[in-house]
């Protein structure tokens, strides 16, 4: 089984971190392909970055399918482009936020997501509602620029820990979801430290991908995720028409 | 006051139709600028088209702001790119779906949206939930390819009428929302025919834009719609970095 | 275009304040008629005042329609009598709360309403749920008797400011809605002070009224808002039978 | 114990029917006082009738409290004036809709309300949402003018039966709630006929009133239902100031 | 009328306390039968205790029906076994949580439940959602082991009072629901102390039971609560087959 | 990795069918242990069967943990005992309904569950709400006694197919969830027949169990799922005290 992980931002160190997390949980026999988008923002912080990452993300998925992958993981906690990718691809596509929230839901009744910036907090809170987790998941921002997670001395870990402690204390959180792909390397350590489940979205999504493939399940092509209709695309997007 | 209408697909006849609808309702003194995206799909039918329309849409908005517009309307009923545009722009941005649903909500307690294709039905139903209209709005698809709305003899009007009649009969709809920018020219006629309010999203959004500008209101830049952070964008998106 | 603003309480200074706010945002060519109810409470603070204001409010609307108005605004943030007025009138009717919440929803994802007394807080919170804004709008009371807003030295402004500051700090509010018609004169000043959108319900409702009239839209008379049936009314209400 | 039943319309035969239903379920020692409003509409069909019934209703409640009643039932399925009455009265106040829906909820997981006119259907559906029963209760209209229920040969019973049969067949209803005070005399017969619980709102509300009094419980006067503040009321409402 | 109260834990002093509360509110002519489960846990604190209490609870209900009771109250605030009991019994069955929340809903718009242990807090919060009270009821735990409520010097009352004070202060609670059957003896005292309605679930459920019986209403046997189908049960459960 | 599948009914052929489905999707290296409850009902059809299955189910789980399993699957679509099992066990516990609904949610926006009997339909619909899938999942009953699924000539398959066809036609279902453990052998065939994803709960739950174990995640023991407190259990349950 081959699972393609696409990092929709252009920062290769984040891709590598995601690939390490993915390989750590993948079943024997699962091959992890990791790709970094080649067009778009260096990090995804808010709606504009997320929108402008889409062409690069979707073309990486298209290329990955041509290479023969069995499932795709979009390595961004905002689940940017997830619906479009499901319409485009013939193989299953997983996002981090949906996968992590569902995973948390099997382990705890109430839990908190800790993400990076305030601008991402409401975005993720809206995703939680969309996924039916409105009453179970609280979302918090630790005020960490995404790329600070790539730099050990940036103070990012300390801010994250402080916010997790507030979630445990003020929210009564029974589990913690790490709300950024760039936190994938921290889950085990934080779980050990706090004694509650700490869920990393990359790991969660990879296992969901494996689960779907093992069951012989693919995205429904009936209604919402029907394959894009053939039509002309103009300008810089002309090469990307369905 | 100058309101910029951006058609996120590349079909100029749809832009023109939207501009006519906009000018028909605009207040004296409001100038309507209408722009057609120059990169992306010829019509937006489903999630993939919607995603690939974003760079063209967002750059048209950026250009429009540079020209001095006071508000922006995204002329697509899927509200594609709306959150990204609100983060990008310093002026208010309106979508058709949100504007039309709110307008319907001032006139009726229960109403139905009639859109084009089945693949757009669930997408719009999800928007209705997101906007808090889940219990009030039903969404129906009339099985009309978007560009058929540009061709009088295509049978599109007859299908739309048949679906409106089902909405009135089966849903108890008190009002009808036309769920595609390409239906903007049909609202008055259908309202006359059926005797219930028939709402066109372009008209609704233009009036909301005027309303916000008249009140001196702009998109909040606190939290969710904070201005994009300066950062490098790679590849074909490099020119579009914030 | 003539828009009738009816103040459902009997305090003329509040009517005048609403009229000034209305005229400040009205389009050229819109005439604002402002009427003060002649029977009922001097201010609306809670459910009983709101109920006893209805005959005076509804008869003022009936009289206003006979004078030839094109739309009606009920100048009370409780939206008291709104459904009855929509059933009664043939022209569109707007309330402050619904109009202001929808307006805020175009500018911000999460926002707070600051109203006067604690007894109005839950009432408005129930309206926010009814309008589908439960997850987006927080409601707060600043402990201000309504008529204190008519008296500059009453300390009302200071209490309002303190509550807005709590909303920004504790709720993460991206915008503020002023939850009383008597605050209409404060919006611009507070928006300047706090740097987030501050929405006044009178202004919002007037612009919604204009928007509906410009679009040729009226309240649906199918189902919920069907015109009252002819029937006898007894006693003090005999003169007000449909 | 004395329970006051106020019919907010002016039709004495409906009051009498409610009183008979109330006495049939009242505990030994409970005295039922039944009063007909003396000002307002002959029947409540839609929002305008409901609004114009309020002064008569609220003054009858005030008079009833002065006579020494222990609880109040508002004998209209629209729960018109319920919140205002709870603010006004010092004794508990029950409405038919809330009481009947809660009663049905103890007997069945999914049930249907059958009311009179289409214009009341959405109004009651909104009440069901407000009371937290949105996913459990379906509301249907049998197209019966309210006062036809006072006339045996009007065909009203047959229409009601036909609609109940549709509810059982199409909704999978496990119980039926009769959605008008004027149907109070039909519950036992219909329950016998259909073999599912058939709930009458008058009976349900009377028993809730007894239950609250027996427990020594009164409406909370903290926040939403705080007693009306003393203030001047003008015009025809002057006599009704708090 | 005979109402059977079954305490699903095996602690007779809690049964006795519930019986006293029940008799204090029962109508003249209502006989209260109180039974203590003879198999299962000494107290119900969390899901496992609740599950293991079911066979004892359900067999006590079956025996009670054979004795001729007219309705059943399950004297545990978790409403454990309520749906199974409704399917099993031919008479109405009430739980404390559902009964108390509905009772509170007739008296207040927002209220708080104060229960014993943190492990019960989320369980009850989930019940509140299930009953449609998600937006109205807050649930708090006072950190009291259930059986401490049987021991006056345990400090339980003081903890309960402290938590009620937090609910009044922080939640704006308009009423308090006592979230454990073992608190039944404290309601009157606390209501006197705090001046807001304080609701005991045992009392509330007994009055609901009386109300249903007086109305001639029984659990619907259509769909969800259909009588168990005859089938073989194995092992220790063999004697309990339907 | 060892996954314990517990069939909470006492019918060994259903256990065997579940084990076959489980082994078909399990990763290399995963050992499937399948156990049949030895006390309780032969099939679970409605709430009473579900309640009386709990002691047998929970003791099988306790025994399985003692044998060294890494995760548990409760092989019943009602998710009976799931919360109690999570509190009891130290390893993760999965139910079929939750697992299948989440799996469907990764593949489709709207889908339908087809279960056996009408009495199970509302029960599962309530689960869907509890899991946040209220607006996405429709539940249907095909009128099939559970044990008919064990008998090829019973007509069960035909009824199931007919109901699936109604779901596709009337609900616009994009995927189908099989709502009974006894249907586990039919998923592949029906997926082939209808061309939409068909999800079996046993398979889905086994893969979720593997996913959690691979990520090093266990049920949170903070708050709702805290380990049962030591206490005495009486009577037939004495041996099962925590």
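Here the chain labels run A, B, C, D, E and F in written order, and each chain numbers its own residues starting at 1.
What we mean here is this: a contact is a pair of C-beta atoms (placed from the backbone, for glycine too) under 8 Å apart; a residue touches a chain by one contact, two chains touch by 3 or more.
Protein names from UniProt, one per chain: A, B, C, D, E, F = Hydantoin racemase.
Given the structure is predicted, the values throughout are model-derived calculations rather than measurements.
Comparing the chain pairs C-E and A-B, the larger number of C-beta pairs in contact belongs to A-B.
In terms of their C-alpha centroids, the spacing between subunit B (Hydantoin racemase) and subunit E (Hydantoin racemase) amounts to 52 Å. In whole angstrom, the spacing between the mean C-alpha positions of subunit E (Hydantoin racemase) and subunit F (Hydantoin racemase) is 29.
Look at where the CA atoms of subunit A (Hydantoin racemase) average out and do the same for subunit E (Hydantoin racemase): the two points lie 43 Å apart. Counting partner chains per residue, subunit E (Hydantoin racemase) has residues 109-110, 118, 121-122, 126, 129, 134-135, 172, 223-225 touching two or more of them. Chains that are in contact with each other form these pairs: A-B, A-C, A-E, A-F, B-C, B-D, B-F, C-D, C-E, D-E, D-F, E-F. By the touch criterion given at the top, residues 10, 37-43, 45-56, 58, 81, 83-84, 86-88, 118-119, 121-123, 126, 129-130, 145, 223-226, 228-229, 231-238, 240-242 of subunit A (Hydantoin racemase) touch subunit B (Hydantoin racemase) in their complex.
Interface residues of subunit A (Hydantoin racemase), counted against subunit F (Hydantoin racemase) in their complex, comprise 25-29, 92, 94, 98-99, 102-103, 105-111, 131-136, 168, 172-175, 188, 191, 195-197, 199-200, 203-204, 207-208, 210-212, 214-220, 222-225.
Of all residues in subunit A (Hydantoin racemase), only 118, 121-122, 126, 129, 134 touch subunit C (Hydantoin racemase) in the complex they form. The residues of subunit F (Hydantoin racemase) lying in touch with subunit B (Hydantoin racemase) in their complex are 109-110, 135, 172.
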